[in-house]
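The structures considered in this document are given below.
What follows is chain A paired twice: with chain B in the first complex and chain C in the second.
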Partner chain A sequence: MNKSFRQSMAWLHTWTGLLLGWLLVAIFITGTSAYFREEITLWMQPEVHDSTLQPGTVELAMAALNAKAPDAKSWDINLPGARQTAVELRWQPAKQPENGGRRRGEQMLMDADSGEVVAPRATRGGNFFYRFHFELYGIDRLWARLLVCLATMFMLIAIISGVITHKKIFKDFFTFRPGKGQRSWLDAHNATAVLALPYHFMITYSGLLLFMTLIMPWGIDAAYENDRRAFFSEVFSRGEDSAQPGSPGQMVAVGPLIEQTETRFGKPVERIQLTNPNRDNAQITLRVNRDPAVTDRQRGGDPTQVFQGNTGELIDTRIPANDPVSPGWRIYNFFTSVHMARFADPLTRWLFFLFGVAGSAMTVTGMLLWVSKRTQQLRRDQQPDRALKMVNGLNMASITGLMLAIAAYFLANRLLPVTLAAREDREIQVFFIVWLVSLVHGLLRPNRHGWIEQVAAASLLWLAIPAVNIFTTASHLFTPLAWQHAAIASFDLVCLILAALGGYTLWRLQRKPLPAKARGARAPRRANTASEQPAGESP
Partner chain B sequence: MSPLSITSRTLAAALGGYGLGALAAMALAVTLPMARDQAVIIGIMVAFLLCSGAAIWAFSARSAWQAWAGILAPSLLLGGLYLWGLPA
Partner chain C sequence: MTMAPPLFLALALAYAGLTSLSLAMKRHHDQVMGRKLQPERVRYYRWPGWLLLALSLWVTLTVWPLGLALFMAVGLVAIAGLPLVFLLPYRARLAGRLAVALPVLAMLTWSTVALA
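Right, the complex of A and B next:
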């Protein structure tokens, strides 16, 4: 590799990185949280925490659906599992409302012990961050997705050019020089990048694949003569039964069918679907969770038994291993299901979360490095110019500001009145107001003081979450209920860890940087001057 | 790199790179000897790699002219392959 090639790659890496870096930081942080989006939603609805699967839960669920929608086209019962405590009941109404009707039908939550329908506080929960990480918020969905795809493409280019820039990639990985300003940020950036390099490549590349029909549909159009629907039905056909409802009829009890299915597959039934319930052509579909597998078909991949509703006769058994999947789709499925960690058990999920944190840290340290390098290149009597200050302020808003806004969103969930009108929108407003305030603050104080203030505020807010929880819920850290469901206690613990990390950062930032004179005396080479602050400010 | 060269290379990377990827997706979709849904997905997966590869090339080539040439030549080739593979 010649030197000029590496230099041009360093240039490409620096500028593609900066151009969409702020967006990428936000995508990475919110996307990382999305590994636990169901757990976050669970935490944000404390009304359903006290609900546990009982032997009679399925009968209660059937009774609830019978009372609510006896003539629905289909019922869908999701039983509590590792990631949810309540029973989720969905149904497709017999008559689809004109427009405005939700494609996924109606939905309600049921307490698994009592069979009562529960109406938890209105919140978007973890889905807000999940959606934000690929379509942002409040701007046209199509343009937002295109913008995210553009950022993803930039990231893929930044990854490849970054690898080329670092000829000594493994040596760099083992180099860490803490407390040395720019060098430390560079080392941290390298270490987090190399540590999770396969993950970074996978997450960006699969991000593009997930939006292939939006950004790269030309191959589909070429092979299917502009009939994209034909492609979708060939590839993603869900094989749903669209039989017309028959005449009213009795259904057999579901209990024995569940026992039969659980014996057959050796696993608990997690999902029960009924098409044409209460009709003579009713079908009962029972699914158990499939074994972790990343390359088979994504949809309909669970081991399933289908029964005739009025006789209880077994009419179909589906085992995913029998589904032939071609090599091309195996690769596609590998990338996309790893992106979404669909197959993951809790431990793997935590591992992915940590990789996501490493990715966030990589983008964050890259942005800090950008400012730090240019600050240290300044002559001693020189002030940072307007552009450098602005980058520093935007860094602050995108890093500490986002962490502040997320914490505020969780606090709003606990502190806003439970019956407030349009409550879920208010939570989101709190999120954006706090983020905006941090942006204004960052642009007004693009210096060490600004960073100290924002880190301090963020640490306090994250610490406040488990504390406020004690006064506002019956499932805080000092109750056995929180520990019954690992997700609930873990949430508070992660808040405490983030608060502690913030406190540590604050401690490092607070230590007075060496005065300029001593700095010059100690380190003859300016580039190696020790300084803790991510951005310069004359003391 | 002069501003003009940077602008030209950026255009080559963005427009040329995307065009190269799109043509690869189209050409592979109609020429790969396998079920068409599989040919399509392989084409798309190759396309994204080519897009990023083209961007790398655009900024590492000796001159902006060379950057464009290195992207347009394979694009023409893939365009021809696509036309050749179209069902008659």
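Right, the complex of A and C next:
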């Protein structure tokens, strides 16, 4: 134990970073995309693009539910907002099917203009990436979450040891020295890590908090005597109603109630819930979106008004800011809601997306630095050993390979036949096949040529997405429809930006076959690693 | 999009503040100004730098509630700082000019939107 503290920390940082780094790159990139998961899902269902909220939409929704499930226990109407175009209708059937019933009931989508039920193509949409970023895919959910949780802990260790390792954190705060191989990668890694350090810490620590019942169950087990359900229903209560359906009865028109609620809160009503619809004990619950408060509320606390269904009498007005919240809850609320950014309006969401890009760039530059450093340490006549080649190949798969796979997933969404059986699974299969191919390719060609080929392929695929869109949808970049809903046009624009970034990377890789001022012996041409891959490669 | 103008201003102020702080450092002062930094002039860059960052925080407080505003303010520092870091070695003079131009542009935008 003669090594200095800082050296030990550097060792810890290097190896914890490497061991689960590939997984962390994937978690960061898919997690960044998850800020826009609803927008991604919207883009992936072009059948619902041509739908806009109208004054008569609510009546159309009530009529559709009345036709579909007049005797349901409850109806839920989610009106179109900034993130969706169609009306989401849910209902809880009167008789719960034995063990097959979903807790959230049945669901369908309705066109907000015409009131027709729309059946968009089957896809997992942005939820696939969202789920992937904390429970991966195809392996047991518990083990996957434990693995992601382990990676998150390693990330926290890497953040802390990284700060200690960084010798000149303030002196080098604004420093980037290009064209110097390993040095440049270290600068880029430092810049993306240090400047966005509060975000990195927040996202990692809150990630652990979200996993807290998974990794630290003993406190709950002790206090609730192994009845974990009791803990969840007490702490994360969903307020389920147990009222029996009354006798058939008329309901008042919802329109005036909506006006009343909108005047009360000064915001548009977003969700309408009816319990025991068409009964004399029906209740109509109207919700508007909550203010972007991050700590001052408990879950599910939207400003709400509840009306008696048959008389239209106001029963209850709930303003969540008045709920007392304990300091522990405030901290938990702050971290978890900032992690998920569900409160965010579109502009704030873009900022979070950029934070996520910085996080992805940090992990990516860290992985590339690992290889760059060891490549430059090679003597003139020395070939990289098998381990270094393998790390380089795995880097390729986890960075350019993932970008290829994501692009392929979006292309599959447009190109697979709409009526294909198990279509949503086929899209995911395309994703994993492309990722696997890139892994095999990366391991076979763990050198500059491999990088050039994968970057070229990724740029082409990202460019292909908006292009294919022109031939397969009526909401591509040259239609006014895409610009009506900013999310749709933005998706194509981000694809173009990623393709341009890829093209720039390719140009840099081609232009400079060897790092110009790499110190020490230069690596043999074939074995040279991509030291020019810029950091901004993430969706 | 009523929050776009103040957000732009907060970003611009964060960028200007960071540039000012970097001008208080020898290496970057050389890069941007093309001359050596006199040690007694450090305070002419450091204090305004912190002041601009404080102003940026103050603008975010008008957009978001306290806790979130604090978090977003440090986040904006990252979003403003990364372009600065990568501009300095390539286009140092442009980096300096942007620090003046962006806040002015942001304030003009805000006043135009407010008057309209």
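Here, the second predicted complex is superposed on the first by the 505 of 539 C-alpha atoms of A that agree within 3 Å, B and C clash if a C-alpha of one lies under 4 Å from a C-alpha of the other, contacts with A are read in each partner's own complex, and residues count from 1 in each chain.
Keep this in mind: contacts are C-beta pairs under 8 Å (C-beta built on N, C-alpha and C of every residue); 3 or more make two chains touch, one makes a residue touch a chain.
In this text the structure is predicted, and so the values were computed from the model without any measurement.
K.L.:
With both complexes overlaid on chain A, does A:396 touch chain B (first), chain C (second), both or neither?
P.N.:
It touches nothing on chain B or chain C.
K.L.:
When the two structures are overlaid on chain A, which partner does A:164 contact: first (chain B), second (chain C), both, or neither?
P.N.:
first
K.L.:
I'd like to know which partner A:8 touches here: chain B for first, chain C for second, both or neither.
P.N.:
So A:8 only meets chain B here.
K.L.:
Counting only touches as set out at the top, which of chain B and chain C does A:345 meet: first, second, both, neither?
P.N.:
A:345: touches chain C, not chain B.
K.L.:
Go through the superposed model and pick first if A:202 touches only chain B, second if only chain C, both, or neither.
P.N.:
Second partner only.
K.L.:
Output check: A:193 vs chain B and chain C. Expected answer is one of first, second, both, neither. What do you get?
P.N.:
neither
K.L.:
By the touch definition at the top of the document, which applies to A:354: first (chain B), second (chain C), both, or neither?
P.N.:
second
K.L.:
Which residues, counting only chain A, touch chain B once they are in their complex?
P.N.:
So the residues of chain A touching chain B come out as 5, 8-9, 11-12, 153, 156-157, 160-161, 164, 205, 208-209, 212, 216, 218-224, 231, 234-235, 326-329, 331-332.
K.L.:
Where on chain A does chain C make contact in their complex?
P.N.:
171, 173-178, 191-192, 195-196, 198-199, 202, 291-296, 334, 338, 345, 347-348, 351, 354-355, 358
K.L.:
In the complex, go through chain B and note every residue touching chain A.
P.N.:
Against chain A, chain B makes touches at 1, 13, 21-23, 25-26, 28-30, 34-45, 47-49, 51-53, 55-56, 59-60, 82, 86.
K.L.:
Using the touch definition up top, name the residues of chain C that touch chain A in the complex.
P.N.:
Answer in residue numbers: 1, 3-4, 7, 18, 21-22, 25, 27-28, 64-65, 67-68, 71-72, 74-79, 81-82, 84-86, 88-90.
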